[in-house]
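Letters A, B, C and D mark the chains in the order given here, with residues in each chain numbered from 1 onward.
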Amino acid sequence: MLWILLLTPFAAGLASMAMKSGRARRFLLVCVPCFHFVCSILILASESGLSTNRWLGADELSLLFLLSTSAIFTVSSFALNLFLREHENPEKGAGRFSHEAFFAGCVLLLLGTTTLAILSLHTGVFWMALEATTLASAPLISYQRSSRSLEAAWKYLLICSVGIAIALVGNTALAVSTAFDAATQSTPLTFHALAERADLLHPVWLKIAFAFILVGYGTKMGLAPMHTWLPDAYSESPSPISALLSGTLVNCAFLGILRTNTIMLQAGVGEYSGGLLLTFGLLSLFMSGWFILQQGDFKRLLGYSSVEHMGILAMAVGAGGGFGVLFHSLNHSLTKGLLFLVAGNILSLYRTKSTKSVTGILRVSPVTGLLWLAGFCAISGLPPFGIFVSKFSIMLAIGSQARWGILGLFLLALGIIFVGMWRIVIHMTFGAPPESHSFVETRIRPGIQDIAPIILCSLALLLGLWLPPPLARLIERAAVIMIGGA
Amino acid sequence: MSFLIVGCLLLYVFAGVIFILMRSYPQSGTMLAPLCSTLAAIFGLVPVLNVLLSRASINISISWSSFFAPIQMRLDPLSGWFALALFIVSPLLTWYGTGYFPHKRPFEVSINGFFFQILAGGIFFVLLASDIFSFLLAWEIMSLAAFFLVIFEHEDRSVQRAGWFYLAATHLGTAFLFAMFVLLGSRCGSLDFRDFVGLGGVADVVFILALIGFGTKAGFFGLHVWLPEAHPAAPSHASALMSGLMIKTGVYGLLRIMTLADSWPGWWGWTLIGVGAVSGVGGALFALVQHDLKRLMAYSSVENIGIVCLGIGMGVFGTYSMGPAAQIAMAGALLHVLNHALFKSCLFLVAGAVTHATGTREIDLLGGLQKLMPRSGGVFLLASAAVCGLPPLNGFVGEFLIYLSSYWSVLPQELPFVDLRVGGFVVIAALALTGGLAAMCFMKAYGTTFLGLPRRQHADPVVDPKPAMLFPMFILGTLCVAFGLGGSFLILLVAPVASTLHPAALIVAETSLLRGAALNYMHVSLASFALLVLFFAFHRLRNHLLKGRVVTSGPTWGCGYPLGTARMQYTGSSFSQPLIAAFKLLLRTELSGDWPEGYLPGRSSFATHTPGVFIEFFYKPLFTFVGHMALRVKRLQTGGTHVYVLYLLLALISVLCWSLL
Amino acid sequence: MTRDIFASLGGIAFALLLAPFLRSIINRTKARISGRRGAPLLQPYFSLARLLRKGAVYSSTTTWIFRAGPVAGLVTVFGAICLLPFGGGPALFRFEGDFLLLTYLLAVGRFFTILAALDTGSSFEGMGANREAFFSALSEPTLLLGLAGLGAVTGSLSLTDIYGRIGASVFLEANMPALIFILAAFMIVFLSENARIPVDDPTTHLELTMIHEAMILDHCGIDLAFIEFAGALKLWTLGLLITGLIFPVRFGVFWLDSLVSLFSLATLAVCIGIVESSMARLKMGRVPQLLSIAFVMSTLWIMWVVK
Amino acid sequence: MTDHFFVALLLLVNLRLFASSRMGSLIRGAAAQSFLTVCLSALLRDGGITAESWIFLIVSGLVKCLVLPLLMFRALRTVGIRRDIEPFVGYRVSLFLGLGAAAFSFWGVVQLPLPGGGVNPTAIAAALLSMITGLFLIVARRKAISQAIGYLVMENGIFGLAPSLAVHSPLIVEAGVLLDVFVGVFVMSVIILHIRQEFKHIDIDRLSELKD
């Protein structure tokens, strides 16, 4: 089952590059993620193949991330389909190895590599997969071939590659830490095996390993101050791609940090790793806060909001939060996906990303406006959306460690972000549409492009109102794994 | 009973959904949804009255999600008292709302109706919630619903600004609540309020956090900045609900937290009295210099919250004397909460009617409305008198009790407790100053708006609103009189609530004290009633005497100047001028305009504007500073890839230093 | 019990009968000091009778508020009188906190008088109303705080008890300074509330400088009679608050005590006459300062009472 | 003994990279560095080297020393940019920084607790220095293509780090890593070409349109 899950996207990706018909490719683009989603559900339902002693396998943690990735991919693939149809280029054609073919292929490859990263339990394989996701997604960012999108892709590629290379040093250091004790020398470098024997590992090398891995994967995840590529990449790539990047890719990197942190916890240096995570988290919160204030580009705004939420996640892990962390990451993926898709719709309505010139979305298109509002309510942690719950439980986690200063700073940063963000959101959503932009068309009725965001919005709402018991169980068990329990 | 409570919550949601669903059928929709909302209020009123009369409390526990403890709801006398106000006011406001939007598009109106019901239900949920999670949930739902009410007329830039102000203020305030509850929760190891007895040994910190967090919602002076922005922006019945009830949840939260403490330190009392005095006097002062009718009332809400706060502060001191002061003061504060909800809603409704009829809220452009809208004017007069705390209206009841307890505290005590006596003294001074300024303020508001001659011609004929809007105003006005004359019964009703508040064993003295106060108030009612009779008797007498004589009517005497026009009348701004002169330092009113010059002056103009002193001198500089900081930090994102990699490198180096050193 | 009621009714009757007489005492004093003979002592009664016989002219601007103002003013002052002890006897109505009702009744009366003034739409009356509202906003706290001081000194919460307990002993119990400050504060409030010099000049002819008189420019006939009578009653009421402090003499015999009270009121009236003859009206801008001084003085008792 | 020789050569090559002023010498230096690293890692494999590892080493040597440098040269030609590097930090300063970095690497290795058996401290230092060199090239050089080279140089360092610490990853993982590096540099070159089409230059200084 796992192999089917893993290989299908790769095969389909390569196939779609070589495919001639644009329609068939688009069909494939929708079908494969759907199939992937069904497979994930099936694996979850059967709970078969949950092995943790091999390099590739699925524990509950992977299943959870797999599920969210699959869901985001499935929903975004509809939007991608629409996007491709809209941007069809009749002259250049969409034949074999065309620009569009590569695009579609890379999306599927991205799905494949993401799945690989989630399913890999070996530190090396994980690293490899994560770097592969970077490579698969870089062409997606530069799809529009504008100077800006190329620049963004370049920065993304270079900075992430350097970051992930640094994480490789961390992996090496992990390996070195096993070399000191005879009992651990032959340990396979899988996350689980390392976690099991963590108390025998050399603490200094563990610390070095964690430092490198945190900075390395943190780059990919978007923690400040390594987040610099993120707003560029998110704002310049096509909106469905931004949704994918923010909804799935960062989660993969986060998974790496999570799993490494588990080793640290087991090794008894949790205090150290927690402190680092809290620091980076806080830094990310404040950094994104400053940049969100008076932000002039709404997709960059969303990018910085991702930085913010990665910071929250890092802090949550650092504070020893279990359930809240995973639930937050799930919620964030859905919500950010929703927001990016809506941002794409706004972009196509207004043809500008400037927050200053977009006003009166509610007048121009009520559905888009409502979704935009709902998305921001969700992302800023207002009920009845799920992030409210997860944020609250993260705060409880920080509180239970009696880190009052950190809690205060956390709340302060969230306050700054909230105030800055809503100033922009209110300006954009409400009011009268701009008069000077005669090209703005109004779209009172909901259209086909609203379907994907509506699905994501209802999912986010559902998670806030009621968590399906199987999912709740899954999250709970994953949280246990995360903390290092059996 | 629990069925009724949950039913009430669900009915509110249901009413909101009906508003949305029925927007295509305006006729039946306008009837059905308010009916549903009224039913919700009736559903809620039954358990509330039951709780208030029997002094029992109702516990409900709903498991909702598998990982958080079940939602705990609890209706006890304290929450019941606040809910009573809600259930009296909210159906009336809903009915008023059906008549409020003649020209708006159905989409917005239905959204507004939806959030109005959600706000009402949310307030009830806040009152019920008895564990951290559900409380914060309810709190946020309530705040968010109110935001959508504020932003209703969003084409207006000032409304957008108001919405942002409100949202920012409420969120920053809620951050303090989050901190407080997380502190409590982790200290006590539980989410349930019942386990917070003693406030986990960090009572003082919790109190400060609660004061700021809840104070932002309640609108303590200094934290009130959103009120004067949000109230004018929202539709009138929404402002009424926000001002009458939503801000009271701040008071409720503070009381709820205080109730959980072991004892009340003296400095709590001083803080509350200080906050109350500043809010009362400051609110009244700033109310007086406003010339936007609803803005004026927003500041008046600040003032009234100050009065409530004074009462609570007195109640804190009272616990030290084991005497009557505490309970009477608390009862006074609670009564004022209820009464303020009534008369302030009433005032907002009339203000809405005025705005509707004339198209402006600027009182200096109005005038003479008493003749054009006699019914609304009468109600406004009644409610103004109530807000000034004049007997025999309901505003007097609460103030009477707070005064009484303060006077009692300045008497020589058996135990020499200086704080109590000085505290009482301060409360008297603050209350009296507040009362005088508030009276002046509402004389100005009523006098300028309704009396004299219209200051400008209105495009449409100005008439009383239709019955859907008029009747809720009437009912509220009637309640103001009834609650004023029957104040003794109210005191008896609030007695059990006030006696459950105190942490110490004050219940010993129990309700006999309040029974005494009720008896005292009975005198007030009787005297007032007698004087009312006398008033009508004299009125008849005068008319009787005039019957056979020459009664003519003519122009107002212009003191020798025959060409007086309506524009020469004393305006609201002139009315507040002496005050502006006297309190220059605090008010910082800006005068602008073209003064007449030369022997034959041309056109000249004059305008005053009083900015919020906290906005000007605290929040604006703060936000500007943060903005500047942001601009400075933004330079970090230079755009150069090599710089970004350098950041990465620096991060790596510092992390390595951290881990190895 | 019946004796008490009889006594208090007697006090009210005295007030209703003799209140206008205080004005004539003031006027006579002023006249004598300035070397005139002055109007007859019963002139206020004649004026009232004349006014009561007249018809009325109402401004077309006005509404029912305008007509309700004078009645409300009269009724509320009457209510206040019922709350005041006279001549050592108890008041008709007495309960804990009755002085609150007294203060607030006066406020109600003021509220309606001011609104009635605003109802005419005249800028002069608006001006008067404004000044009245502002000054009373300052004098009301003074009154309430002063009464709190008296309560603290005597240990009681109703006017009857307070004035019943004030005697020489209270003065001598080291509370003297406190009481003197309260007295001074009350004196200023008395002058201000009754529109006397140095706050207001009842005899002025320039509307710009008027306070109380400006408010009633448009009232005439019976309404004016009501207002005048209410003014006289108010003078009486606030006068009693002061004389109770200055002449705290009790014989226990109603007639004797009443005589003392009446005498003291007359003395007060003479004093006012002297003050009015010897002082000029303050500049309008200075009045708030005077009232603020009164407010400060009404707070000073706290230093002696609370140790 | 031979390993020390290679370490010394690696040191020199790294210093050369620090101070090189021409694009061509930079690419050649990177190729040389790759070659030395591959050799070193072959030498450091104590015990028997299996056939698979031989194949892997040869392939990686081919990729890193031939394919990638040729790719770079081709990109350089196609793009047609000037051959000098245009540094942010001058060559002489760079050289001194390089010396400092070398000193730091050796000092750092001495400080670290090292596991016994098969560990070569000087090789670790050399690998570390390669990493630092790579990062330095990325941070201090102006052209996009020199940054790609920097990335390659850094990867070489990391690649050499594992064997010098006596860490042996499974072959498939190493192969995957190699593939990633290859594709990474390849995609970078592609993007550089595209950027060239759009911008007419690949000066990263002017690649800074996206900022706040």
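Some observations on this one:
Everything below uses one rule, namely that contacts are C-beta pairs under 8 Å (C-beta built on N, C-alpha and C of every residue); 3 or more make two chains touch, one makes a residue touch a chain.
Here the structure is a predicted model, which is why all the values come from computation and not from measurement.
Under the contact definition stated at the top, the chains bordering both chain C and chain D are B. Looking at A-D and A-B side by side, the one with more C-beta contacts is A-B.
Chain A and chain D have Cα centroids separated by 30 Å. Computed centre separation for the pair chain A/chain C is 78 angstrom, with centres defined by C-alpha atoms.
Centres computed as Cα averages put chain A at a distance of 44 Å from chain B. As a whole-number value, the distance joining the C-alpha centres of chain B and chain C reads 35 Å.
Shared interface positions of chain C, i.e. residues touching 2 or more other chains, are not present. In chain B, the positions touching at least two other chains are 634, 637, 641, 643, 645, 660. Each of the following residues of chain D touches two or more other chains: 135, 138, 144, 147, 207-210, 212. By the definition of touch given earlier, these chain pairs are in contact: A-B, A-D, B-C, B-D. Of all the residues in chain C, the ones that touch chain B in their complex are 52, 54-63, 65, 67-68, 71-72, 74-76, 78-79, 82-83, 93, 95-98, 100-101, 104-105, 107-108, 110-111, 114-115, 118-127, 129-131, 133-134, 136-138, 140-141, 144-145, 148, 151-152, 155-157, 207, 217-218, 221-223, 226, 285, 288, 299, 302, 305-307. By the touch rule above, chain A contacts chain D in their complex via residues 122, 124-125, 127-128, 131-132, 134-135, 138-139, 142, 145-148, 150-155, 157-158, 161-162, 165, 168-169, 172, 175-176, 179-180, 189, 202, 204-205, 231-232, 235-236, 291, 295-296, 300. Of all the residues in chain D, the ones that touch chain B in their complex are 88, 111, 135, 138-142, 144, 147, 204-205, 207-212. Residue ranges on chain D touching chain A, taken from their complex, read 112-113, 115, 117, 131, 135, 138, 144, 147-148, 151, 154-155, 158, 161-162, 165-167, 169-170, 172-174, 176-177, 179-180, 183-184, 187-188, 191-192, 194-195, 198-199, 207-210, 212. Those residues of chain B that touch chain D in the complex are listed here as 634, 637-643, 645-646, 649, 660.
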